[in-house]
Amino acid sequence: MTKTNPGNFFEDFHVGQVIEHATPRTITDGDRALYGAIYPTRFAIPSSAEFAASVGLAEHPVEDLVAFHVAFGKTVPDVSLNAVANLGYAECRFHRPVLTGDTLRTSSEVIGLKQNSNGRTGVVYVRSTATNQRGEVALDWVRWVMVHKRDADAPAPETVVPEVADVVAPDDLVLPAGLDFSAYDTTAAGEPHRFDDYTVGETIDHVDGVTLSESEHMMATRLWQNTAKVHFNTEARPDGRRLVYGGHVISLARALSFNGLANAQLVAAINAGSHVAPAFAGDTVYAWSEVLDKAAPAAWEGTGVGALRLRLVATKGRDETTTLRGDDGKYAEGVLLDLDLWALVPR
Amino acid sequence: MTKTNPGNFFEDFHVGQVIEHATPRTITDGDRALYGAIYPTRFAIPSSAEFAASVGLAEHPVEDLVAFHVAFGKTVPDVSLNAVANLGYAECRFHRPVLTGDTLRTSSEVIGLKQNSNGRTGVVYVRSTATNQRGEVALDWVRWVMVHKRDADAPAPETVVPEVADVVAPDDLVLPAGLDFSAYDTTAAGEPHRFDDYTVGETIDHVDGVTLSESEHMMATRLWQNTAKVHFNTEARPDGRRLVYGGHVISLARALSFNGLANAQLVAAINAGSHVAPAFAGDTVYAWSEVLDKAAPAAWEGTGVGALRLRLVATKGRDETTTLRGDDGKYAEGVLLDLDLWALVPR
Amino acid sequence: MTKTNPGNFFEDFHVGQVIEHATPRTITDGDRALYGAIYPTRFAIPSSAEFAASVGLAEHPVEDLVAFHVAFGKTVPDVSLNAVANLGYAECRFHRPVLTGDTLRTSSEVIGLKQNSNGRTGVVYVRSTATNQRGEVALDWVRWVMVHKRDADAPAPETVVPEVADVVAPDDLVLPAGLDFSAYDTTAAGEPHRFDDYTVGETIDHVDGVTLSESEHMMATRLWQNTAKVHFNTEARPDGRRLVYGGHVISLARALSFNGLANAQLVAAINAGSHVAPAFAGDTVYAWSEVLDKAAPAAWEGTGVGALRLRLVATKGRDETTTLRGDDGKYAEGVLLDLDLWALVPR
C-alpha cells in the first residue's frame, strides 16, 4: 500500500467533517524578510517596529498576508490537492496580528458539497480556522473549490450549499488590540491620504508593474508550504509551464497598491476573491483599486481608525482605464485577480 | 605575490595535517526561512517550535541539513577548491540539533592520501568536525575527494587509505537530548506511518517533482558559503552551464521525501552518498526511498524513538519503478543521487 | 486628482529643503540571511557573532552595505524616481554598526542644484542621513543625480554646486565602539594579510566571478525597498531588459573582494563611486581592487586597527590586467563600477 498522500477526492468529503491540517508552522523574522524580498511592500507597520509601536501595537506584526498564506497553505494537501479550480473566498477575517514566534495551525470544517452535473467533479465548501500556540484564532475564512471525483460512478452526496456573506459587516471587523491611529505619522507612512480623502467609487491606478520571474513565485509558495504540483513542476501541466500560485498575485497586487494606498496599513477582512486568469513567469503585473465602501463603526470611536472596502484588481499589462469588465459583463482582457477586502486606515 | 586563495593541491596535503577552516558562521531564523523557501520541506520539528517542544526538545532546531551544508561549505576553500570530483561520504553523525544563535566552525584532519596512477590527481580523505560556540561537536563526517596536483612531477606520497564504516552502527547514533516521541502527534506531523509500519526492502515513490531553476540553487549554495566556482559562474565550465551543488539535490530529495516519510523527522547519520550525475537548471527532480534497515537500540528504551536506515534516491524525471541500477550493475539512467542515511521516527 | 506618487522633478527641489523619507525599516536576521544568499559574502564579523564579540563588538552587526542599501532605498521615491542617471557619491561615513532590531529612517537636505544647458534636466545634490530608533546617526552621504524637469520652460534655479571632499579624511573615520583588533584571529577570518602586508599601488585580482540571474537582483532591490521601475519591469525600458540596481553590483564586488581582502572587515567610508556601465542578467561579474592609500590615525593607537583606502572595480568578464582606463582616459571596456572606499583591517 502506498504511503504517499493522494489527497482527498470529492467523495472523501462529508458535511460536518473536521480536518486537522498538518504541519504547524512558526513564523520568524526570516519570513518577514523574505516577504519583503519577494514583494515590493512598504507598509509602515510591518516594515518598522517603531512605527508599529507608535500606533499602539505591543509587538511588531508581520504582514497580514503572511498569516493568510501560511494558514491557507496548510489546507492544500487535504482540500485542494486534486482541485480543478479554486472558485472563491468569503468571510475571511483577521482576528489578531501575527507576531514572530507565533506558531499557526489550521483546521477546516466541510460546510457544503455539491456534485457537478458532469458527475466527474464536485464543489467542496470549507470553513478554515487558523489558531496560534495559545489557541487564539488568528484568521478564519470560507473557500470553495472544485475537486475531482476518484470514481465518476460514486453516488452524489446530498447537495448542501452554505450561505456566505457577500461582505463582512463592518461591525464584525476586529481591531487589533491597542491599535490607535490618533497620532499616525503620514510622513513616515509615505502618503498624506486619510479616510476622508477617499471617495466611494474612486479608482486608483497603482502605476508600478513587476515582471514575474520563475524563482520568486516558487520561493514564496514553498515558504507557505503550499504543495500544489502545478506551481513547481513543469511536467505537471501539458503546456510545460509553472502556474503562479494565485496567492502570489494577491500579495504582489497588495504590495503594488502602496502607491496610492500607503495608509491602508492592515487588511481586516477579505470579502471575496476570484483568480480570473492564470499568471506565468514573464507576465508583467500591475494593479488598480476601487473604493467600494467606507465604514467607521461606533465601537472604534477614539481610535482614529476607519475602514475602506477596496476592490483590488491585478492585471497583466497596465490598464490606466481601470476597467473590470467588458460590455458583455465578462472580466476584461488582462484581469488576473479581483479581490474585495477591508483595510484599516487613519481617519 | 598574489593574495588570493588558490586552494590546496594534492601535494599540499599530508596525513595528520589539521586544517582550521574559515569562517565561523552564526545560524539564524533567516536561514530557517530561506531553507523553507528553497526546499519544499514540511517536517514538523523544524517547522514548528510548538511541535519541537512537544517531543521534548528544549529549543527549536533548524533542519539538520542546514548544519550539514554550513559545516561542509567551510571545508570547500581548503579541501575541494581544486577538486575533480567529490567521491564519497561516510560516518557522518549528527551529535546535537543546531539552534538559531549557534555559531559553527569546522576543522578537518587529513586521514588518507592516494595518488592516482595518471600522476595528475590524487584522492584526499578528511575527517571534518563542526563545533558550536561552546566547543561541542555538532556533526562530524569523513569525505574523500579527487584533487588536482599542482605539478604532475611532484613525488607521490605514501598511500594511506583509511578504513571507514559502511554504515554507522545504531548504537553509535546520538539521540538529541530530551527527545521523546511517546506523545508524538501524527496528525500534526502529517502522516500516520510509524516505525512498525515500515518494512525492510520496502520502497516509497515520493511522487512530487520540482523543476530546478537557476536562482534557488545559487542562493542556497551561497548561504552555505560554498565557494566552488562551477555553481555560480557560466564561464567556469566549457558548456557554459552552472552545475547545481550536490548538496542542493540532497536537500531537495530529503524535502520531497516528506511525502511518505513525514515522520522521519531527524537525520541521525549519513552512512554514504554518491552524486551519480550532475544536475542543472531545467531538470525536474523526483525522489524515492528504500528502507534498508531498522534499529531501536536498547539505550533508547522509553523514548518512543526508532531509526530507519533509508536509501534516498534523487532522479531526473520520475521513476515509479524505483530502479537504482540496470542489469549491468551501473546506476540507472536518470539517477542523480544515492544517499544512505539513518532517520529518527516514532515507534 | 491622482493619489499615486509621481516623484519629484527638478523644479520641485530647492536648496535648503529637507525631505523626511518614508518608510522606516527594521533590520532583522532575515536581512542578514538574505544578504548571504544573494551575495557570496564571508567576512567574519557579519558572518559570526562569536567573531564579532572577539573583536570587541557588543552585538552582532549586519553587513555595512545592508545599512547603506536600506538607507539609500528610502531616498529613491523622493529623490531619484525621475532620475536620468545617478552621477556620484561622496562623503559617505558609517558612524556605527547596524544591529538586528535597529530601525532606520532617512532624511535628505538639498545642498545643490544646477540646471543642465539643455533645459530639460538638472542635477540635484543631496546630503542624506540615516538614523536609528534612538536618533543616532548610522550613516550619512552626499549624492548627486540628474533629474528630469516636469516642464522644460520652468525657470532655472540659481546654480549652487556644493563642495564635497574627494576623500573622507582618515581622522574623520569613525571606529565602531569597542572595536579592537589586537587579538584578531586571521585563521578564522580566512586570510593572513594585515595592514602592513598591503602596499599603496598594489592591485588584487579577486579571481572569482558570478553570473547574474534575474531573481537575485530583484529580490535584493526589493529588500531595500528601492522602487525604481527599471529594476523590476521589462516594460519600463525600450530594450525590454531589467536594469540591475547599481547597489547590487557594489555588494557583489564587495563580496567577491573577500578573496584577497578577507580582513578588510568593515567599510568605514565610501569616498566616491561611479556606475560606469549598466549590468544585466547573464553578465558575469568579477572584481579587482587597488590599494590607493593607508592610514592609521593617532586616535586609534592601541586598537590594532588600520584603514586601507581601496578602489574596488567591478567588471563584466574578468580582467586580470586590472585596467581601469584606456589610453584615451576613458573607462576600459567591461568596467561596471569604480568605487573608492575606506575599509578597516587589523594591523
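Order of writing sets the chain letters: A, B and C. Residues in each chain are counted from 1.
The rule we apply is simple: a contact is a pair of C-beta atoms (placed from the backbone, for glycine too) under 8 Å apart; a residue touches a chain by one contact, two chains touch by 3 or more.
What you see is a predicted model; the values in this text were computed from it and never measured.
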Interface sides of subunit B and subunit C: same vs different residues, half threshold: different
Fitted rotation between subunit A and its twin subunit B in degrees, CA, nearest 5: 120
Centre-of-Cα separation between subunit C and subunit B, whole angstrom: 36
Per-residue multi-chain contacts in subunit A, two or more chains: 28-31, 33-34, 213-215
List of subunit B residues in touch with subunit A within their complex: 28-34, 36-40, 42-44, 47-51, 60, 187-191, 193, 197, 204-211, 213-216, 259-262, 284, 317-318
Of all residues in subunit A, those that touch subunit B in their complex: 2-5, 20, 22-26, 28-31, 33-34, 77, 100-101, 103, 105, 133, 213-215, 218-220, 222-223, 225, 227, 229, 232-236, 242
